[in-house]
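Chain nomenclature is as follows: A, B, C and D, assigned in order of appearance, with residue numbering initiated at 1 for each chain independently.
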Amino acid sequence: MSQETATLTLHCEDVKGIVYHVSRFIFENGGNIINAQQHAETLDSRFFMRVHFDCSGMGRSRGELRGDLAKLAAEFGMETSLSFSGERKRMAVLVSKYDHCLYDLLLRHQYGEINADIALVIGNHPDLEPVAAGFRVPFFTVPVPPGGKEAAEARMLELLRAHHADFVVLARYMQILTPSFIDHYPHRVINVHHGFLPAFKGAKPYHQAYEHGVKLIGATSHYATADLDMGPIIEQETLRVNHTHSVEELVALGRDIERKVLSLAVRAHADDRIMVYRRRTIVFR
Amino acid sequence: MSQETATLTLHCEDVKGIVYHVSRFIFENGGNIINAQQHAETLDSRFFMRVHFDCSGMGRSRGELRGDLAKLAAEFGMETSLSFSGERKRMAVLVSKYDHCLYDLLLRHQYGEINADIALVIGNHPDLEPVAAGFRVPFFTVPVPPGGKEAAEARMLELLRAHHADFVVLARYMQILTPSFIDHYPHRVINVHHGFLPAFKGAKPYHQAYEHGVKLIGATSHYATADLDMGPIIEQETLRVNHTHSVEELVALGRDIERKVLSLAVRAHADDRIMVYRRRTIVFR
Amino acid sequence: MSQETATLTLHCEDVKGIVYHVSRFIFENGGNIINAQQHAETLDSRFFMRVHFDCSGMGRSRGELRGDLAKLAAEFGMETSLSFSGERKRMAVLVSKYDHCLYDLLLRHQYGEINADIALVIGNHPDLEPVAAGFRVPFFTVPVPPGGKEAAEARMLELLRAHHADFVVLARYMQILTPSFIDHYPHRVINVHHGFLPAFKGAKPYHQAYEHGVKLIGATSHYATADLDMGPIIEQETLRVNHTHSVEELVALGRDIERKVLSLAVRAHADDRIMVYRRRTIVFR
Amino acid sequence: MSQETATLTLHCEDVKGIVYHVSRFIFENGGNIINAQQHAETLDSRFFMRVHFDCSGMGRSRGELRGDLAKLAAEFGMETSLSFSGERKRMAVLVSKYDHCLYDLLLRHQYGEINADIALVIGNHPDLEPVAAGFRVPFFTVPVPPGGKEAAEARMLELLRAHHADFVVLARYMQILTPSFIDHYPHRVINVHHGFLPAFKGAKPYHQAYEHGVKLIGATSHYATADLDMGPIIEQETLRVNHTHSVEELVALGRDIERKVLSLAVRAHADDRIMVYRRRTIVFR
């Protein structure tokens, strides 16, 4: 019988003994901590913790553990989340016509680098259907005609539910999602922006970068929120460029860092390594 | 007898034969090209060139060469600049209380990494006088009391002239220079900004970076212009940070990239490797 | 009518006037230099040059230009090479079972980042046939059974000739090629080694890296020579790792830098940017 | 009254409940965990832990805490180490003539980046005495004449003891220390090697790198052991170079990464972040 592990994340007021109480909870239930990480936001006196533990010998069901945890959480005013390796997350990938981020996700998934399954791919154009098909992943085209965004998002939500998607990855999806759509997946919609946020928000960031004569270009993955390109940042990367690079070459170079920051964010999310507090993320590496 | 070399930089309309005519000019005068670099801004049809050549066997004075070059420049509508290894540039360094950029410049100068001499250091505070003294560089304190900026800048200009400074390096100098001061040294005042421009302009960039929860901090060296923090960018660098870093730690980490981008800019300027065109720099590496 | 460009690379003794004579040759034939780069190996007094020029208005055939160049080369004792944008290079890719480098080459080719065509893919296993098929590239399986290397290489050489391959890319091809095979493509077989050469030569470099407790892993692309893993280095990259990474994770992380250094080498080779001199490469960027 | 913190590091067999027992030990004594990190070497079933905790409210002396810890350690077969913020470490710096690493340590110490005091500097040449003097650090010249190594090391050990040095930093010290000297400070002598170990061991690593035509140069900090340049690696860094760089330029560029990896190692050692196990280091960041 194979090992089952669980991942607990929590945050609460920073009082004495949290590590002790959490480790006692796991120890007394027969679990074994594989890794535990903490962080304190000192300005706010807020304590964050992620514990990855072996729960295969605990002799308690997932439901029982969740119940026990609820009691501990109540005692300390913790916000908690508990996931199990036996309940693998499922992701939906939204795309348009660019394929580099999609290929990166499909390949990394195939290599076993992403701790989640790709439930489906949705494109507002049909162009990338063969790519998904090559990896035997269901693909759906949901066009977004002028004036048809509401209907398109309703159709997408339906597809996400039907395929049991837990989170959504915008892999260079070129449509702006409505706040109402994003509200269905709070801190579970991951976007990649092809610029070094907060510089170069909005459209054509590589053109902006060229005009400013920057010597580094950047890419940023973040949780999408109602405020466009301003959600909590998960990963960023920059790449050296110089005066010889045209806008088109910046776009080409940018592909490498876009796919990199997006897949790092997806992997961290799938592993329950990200906690959001206010505008910032705590990413336990 | 030691070798003398010259560095010619020029830009002009991008017509056929520029490389040929320039290399002929040098060849027929008995010079020998050590390195030549070009760049064409295709949108503007503008051609840029930097030629580093051995002129020790040319049998012509610097003045004669400058005269000959003027004729070539007139023929092709070139803007040119010609410098000689025997006429070493002299830099003035302006500082306040932070010493990390000053130390970096003094040490790199001592190691022979900077192709210029440090003529003097001016501080608006006396704190760094011992640092300059340790390297036997003249130091002058020019305080900038409220309402006294005009007089202070007049005094500084006087010192720069008296010490034959060719260019000015703002090594974390915490005063804003007036456009009138900068006009005395067009594209010859090099500043370091402790943020990844054009993000985080102005005051307290590390605080801004912290608030935004960025995962990289940056530093930027650029030519100072009348428009604060918006002059042509010369060098940029970023450094990975995460949620564990306080603002104070961002400040500490930032020192390493501030000194790095500043000294890279100073070295490139001293070597006549930088050409400014519109808002952008061409930096020939 | 579209523009044709040519790329001339040459090396010779470092005497006065090479840039002048080469630029005159191009100017007087009606060509226009787009970019020219030089390098002098001072220890050997050897001069290297790469000139990329517009030859569409030259009114001379490729053959005539090659003839003219031969005269110039004879005069200065130059070794030269001249290629034309209208004669696009063709590459053969050799693979085994790992697909990450192959995907990277196929995708970058599709994005127009590689200035060459993929003539064919040869695998000693059939596993990657569907990958090549997905990009409509011919795939051939040439197994290498024990004792059958000679026959296999003969078959491969036949395929390379039949598909007019100009150079060969070993995209994690797990067989060692014989010197005799490599001699057919001198400095035209590009290999990727999954270690930071010259450390960790030979088999299982990630295991070696783990055992040594290194804090960076590396990958190296180089021209294959008779001396295994010792041919002239083209590109190298490193990646930060730490004590938490198992050998398996090092292998996974290494994929990103392997594909990166290999595709950088392939692009540089396709653009005639690489010159080999003794054990070292000059790579004009 | 100011806060006192303690840092506990330990390793033992990887059995269930270590985190629980350690956190209980701290909790029941009235301490408060600020940060705890663990690592398991799965091949060896070995568990490593570092706990940084506030002990100001514990009402127990350092000696009592050390006694209590000894009992816990005995129960679980732990090797432990416990240090207190009130017992600041003291470092000795050994130098020859190169000053870049020494300056870096002195400046970072001055900025408060290093959690240790600089007790003294020893040079086998007197050249750097003024540098130490500028920072008001005692400097001693201990020459190492041919045949006089034994006497010199005896004198150095005497100085180290007299100045209560806890660990030794070789800041480009150009003498090879004897195993007997190193045995006095096991895993407490930190060296910087100017190459990417295990490549380029021994003398003139930049010459070796040049000869091999590498495209990256490296620097490595490690604990010195009897086996030259083979002690456990703490930090490594690489820097991109190319064919244009002479050996002298590699040496100059290398200074930046040498000082960087050395000061990172010193800071980690001072913070009790490094544990050595077999040939590898666990560095808790």
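Everything that follows uses one rule, which is that a residue touches a chain if its C-beta (ideal position, glycine included) is under 8 Å from a C-beta of that chain, and two chains touch if they have at least 3 such contacts.
Bear in mind the structure is a predicted one, so any value in this text is a computation, not a measurement.
Interface equivalence for B-C, evaluated over C-D, A-D or A-C, points to A-D, where over half of the contact pairs coincide by residue number. The chain with its C-alpha centre at the largest distance from the centre of subunit C is D.
Inter-chain centre distance (subunit A to subunit B, centres taken as mean C-alpha positions): 42 Å. For this pair, subunit B with subunit D, the centres built from the Cα atoms lie 37 Å apart.
Of all residues in subunit A, none touches two or more other chains. Contact residues on subunit B toward subunit D in their complex (touch as defined above): 99-100, 103, 107, 111, 113, 130, 134, 252, 255-256, 260. Listed in rising order, the residues of subunit C touching subunit D in the complex are 39, 42, 196-200, 211-216, 218, 232-238, 242-244, 246, 279-283, 285. If you check the complex, the residues on subunit B that touch subunit C are 16-20, 23-24, 26-27, 32-38, 40.
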